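Letters A, B and C name the chains as they come in the text, with residue numbers starting at 1 for each one.
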Amino acid sequence: MKPNRKFDRIRDTLPTTGKPRFAGSRALKRMISNPLSVLGLIVFSIIVLSAVFAPLISAYSPLKIDLRGILKPPSWEHWFGTDKLGRDIFARVLYGGQISILIGLGSALGAAAIGVALGAYGGYKGGWIDRLFLRVSEIFMSFPQIILVLLLVSIIGQSVTNLMVIFIITGWGSIYRMARSRMLSIREEEYVLALKAFGLNDLIICYKHMLPNAMSPIIVNITLSTAMFILQEAALSFLGLGVPLEISTWGNILNVANDLNVLARYWWIWLPVGTVISLFVLSVNFIGDGLRDSTDPSQLG
Amino acid sequence: MKPELPLVSLRGLKTSFPVRKGVFQRTVGQVKAVAGVDLEIRRGETLGLVGESGCGKTTLGKTLLQLTKASEGQILYDFDGVQKDLCQLSVREMDEARRKLQIVFQDPYSSLNPAFTIFGSLEDPLRRFGVHKRADRRRIVGDLLEQVNMKADYMDRYPNEFSGGQRQRIGIARALCVNPELLVCDEAVSALDVSIRAQVLNLLLRLKQERGLTYVFITHDLSVVEYISDRIAVMYLGKIVELADAVDLYRGALHPYTLALLSAVPVANLDHVKNRIVLGGDVPSPVNPPSGCPFHPRCAHRLARCETEAPQLKKHVINGHDHSVACHLIQE
Amino acid sequence: MHDDVLISVQNLKTFLYANGRCNRAVNDVTFEIRKGRTLCVVGESGCGKSITAASVMQLLPELSRIEGGQIVYQSPGGPIRIDQLAKNGKKMRALRGADLAMIFQDPMTALNPVYTIGQQISENLRYHTKLKPRARRAKTISLLAEMGIPIPEQRVDEYPHQFSGGMRQRAMIAMAMACDPHVLIADEPTTALDVTIQAQVFELMEKLKAKHQTAVMLITHDMGVVTELADDVIVMYMGNIVEGGTVEEVLRTPRHPYTRALLDSIPVLGRGKDQKIDPIQGTTPDPYERPPGCQFAPRCPRCQPLCEQALPPEQVLGESTHRLRCFFPVGGPNEA
């Protein structure tokens, strides 16, 4: 029996009398005791901070073309080398991070705002309004995303804002469903009935009193969809459908690698940025998993 | 002076829920949770409402508070001498009337919002009913907590720091925060341990005296309802089958269902003479209640007319007390 | 020691572990389950009554273990130390369902919704007997009939959701009784049921006990149930047996302040509005931070300094089976 020794230790330590521990700090403590999520938090912070303070870290401009120094391999001068136009790749990764993280986080928050607003109210109210929201979300979720993107890009053109709008339109459905299902179960709690017995406004009951109890899985979902949107941005930009090429994003840096020559001979163009994307997405996923485990009351121990 | 109006009169009250089936959610039937109830609740009394699960007692309580819409009938409430039908009030009028009627729930664990402190939970109802200063709200909540035998500074704690009995007392304080006249206690002590249950029962009795409250006490526990009630109504399949003073009901129940119910309760008294009447079968579904008297399929004394003709709740006077019963066996 | 003892539990200790803390849920508990008799274990939530039952069945939750004491089952083939068997070992599984059976509080969650009632009952027969499928089915139907389920030939192929609450509980009892167990452990079997259905289930349990001479251990929180069904009773509080004996001994002359207070705190049917009920003051302590001495001391009206320091030992009163854990029992020699 494996846990026996642990049991002995617990039994033989004298009970500590002290302040009762609160659920919040326990969740934090449990998150910190999870090595993967701590690692994720560290990597995440490093990447975000270096993107934010890009001008302090790199002296190069991500847009400055230097035709005399194209396709230089990594060196002390250019840490990640230069690309076909002689731009410093390290600077481009840093500045690209700003846009990519903005797109990922912005789209996730936007999608969450719409999804939570509709899902919470629909789940609480039920009836025709809930059925209407549900059908609308199903329509959006059943539309092939890549075709929607192609369509929207050709109609409204390529830009950072447009890409975020597209991500929000296609992405709110999943958060909507999660918020709705949480609210459906919270709706059965007796305190909701008690609030109704006081004749309180529906909006206050729904958004002020019920929503906080539905937030923890939603926050986990926001972190995970941030990662997903960053990957999607990279994929779309790689295909030339994302952000206009002149703005550097992680996807646009990768875009250059869509030719076999570059892939085979100039590894420094795609490998560092690919690694950064993977590291970032992985760290966000670790944080999300850690958050989920630490707020899950069924995992005590 | 005109005769005193009852605080609430229910007239032919019915509440049903549609049963929906299939892709198009067509209504295929009605759950007749409350199937025609006439009842008067007198000012200042405790009316016990007993019955087994599915008899409609909880739905009746919720309909009384307009948390569930009645499908038929009237709920006449005495607003300082003017009777108004709660079912006919506009949403705004009803919201105003809600300060007069409040409810205490069964489950101490789901009746308090875990994300708010006690004060945070009670603050909005008070604001809703016109207590605009934060200091006033804090004073009121503190006073209420002290009235339910708790410390005033507990208001800044979260529900997870309280035990079941304490939570239930907070639930009572919450219902009292708008100073209601009528308190519906829906299985308010059923989920509590016996030693804690007595604390809450005695608290309810004390509050009733201090504040002149009227209680509708809904429960399945006959020992508890006998202890706390002045009058008791026994429900079966959405109808009241017997209504009498608590003492009369326990000493001289008339309806066969009430008799079986009383005999089935395990009594913690070794000298209690046991004459258990075991009813066969289960409570029929309220979607398809039996014809005639709803109790006839399980009744040992049924007559031929019980199967076709539903008995009405008739008032008899026994030893000078009103005693209503719905049964063909009981004649004048 | 009586020769009709089927299970004897000696100084059992079962602790629970959660969040790095230890809950001494069952702490030094001794009792016997005897043939053809009903032992009621009564107490409030958290007193350890369900953990005691789970220990006997070796159905303890993951984060818990038996720390000490012994559980001996007098099987027809000789005594078996249940506490030394592996939780899910072959021997324990052979006992469970065949010699020792258990019924649970909530028949809705204790039955699997995707199998028919018949499949679930005959599963037990398939594992523990050598009956052929046809014979198993016949036995299942006769079991259901014995439980008073109407048209068992048809009901045997129905799913749990087609049964009402009372019928589900009877199906559970049928499942438990399938292999004629010697010991039946019922953990709050009627708490989820209405009183008229509870009466049906009790009637059935009494009948089965008389017919098969089963030893019954009934866990309950309801003093009324104890009064009606028990032959012997043990009262538990915070992991200890505070008082035990025959039902007459304990309920007529309760000596422990807790038993007394518990009986005083419940309204009794038939005594009307004028009866006085006295609540027990305070609340049950945090099981992770227990009082050092008598567990009831903080709430006890008769508490003395000694009670706060040491846990009273178990003492047997005279020649009787009446035993209690209290330094200053109610009606002691110093009292009038």
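The criterion applied here is as follows: a contact is a pair of C-beta atoms (placed from the backbone, for glycine too) under 8 Å apart; a residue touches a chain by one contact, two chains touch by 3 or more.
From a predicted model like this one, the values you see are computed outputs, not experimental measurements.
Q: Is the number of contacting C-beta pairs greater for A-B or for B-C?
A: Higher C-beta contact count between the two pairs: B-C.
Q: Which chain lies the greatest distance away from chain C when centres are computed from Cα atoms alone?
A: Greatest centre separation from chain C goes to chain A.
Q: Just give me the whole-number Å value for how far the CA centre of chain A lies from that of chain C.
A: Distance between chain centres, rounded to whole Å: 51 Å.
Q: In whole angstrom, how far does the Cα centroid of chain A sit from the Cα centroid of chain B?
A: The computed centroid separation for chain A versus chain B comes out at 49 Å.
Q: Whole-Å distance, chain B centre to chain C centre, using C-alpha means?
A: Each chain reduced to its C-alpha mean, chain B and chain C end up 33 Å apart.
Q: Chain C: which residues touch two or more other chains?
A: Within chain C, no residue touches at least two other chains.
Q: Two or more other chains touching the same residue: where does that happen in chain B?
A: Residues of chain B touching two or more partner chains: there are none.
Q: List the residues on chain A that touch chain B in their complex, please.
A: Listed in rising order, the residues of chain A that touch chain B are 20, 22-23, 188-191, 193-200, 204, 208-209, 212-213.
Q: Of all residues in chain B, which touch chain C in the complex?
A: 52-53, 163, 165-166, 193-199, 201-202, 220, 222-224, 226-230, 246-247, 250, 260-270, 272, 274, 276, 278-279, 282-283
Q: Sort out for me which residues of chain A touch chain C in the complex.
A: It comes out as residues 1, 3-4, 6-7, 10-11, 15, 17, 26, 300-301.
Q: State the interface residues of chain C toward chain B in the complex, per the touch definition above.
A: Within the complex, chain C touches chain B at residues 44-45, 164-167, 194-200, 202-203, 221-229, 247-248, 251-252, 261-263, 265-273, 275, 277-280, 283-284.
Q: Chain A touches which residues of chain B in the complex?
A: Its residues touching chain A are 62, 65, 67, 94-96, 98, 101-103, 105-107, 110-116, 121, 124-125, 128-129, 158, 160-161, 171, 174-175, 178.
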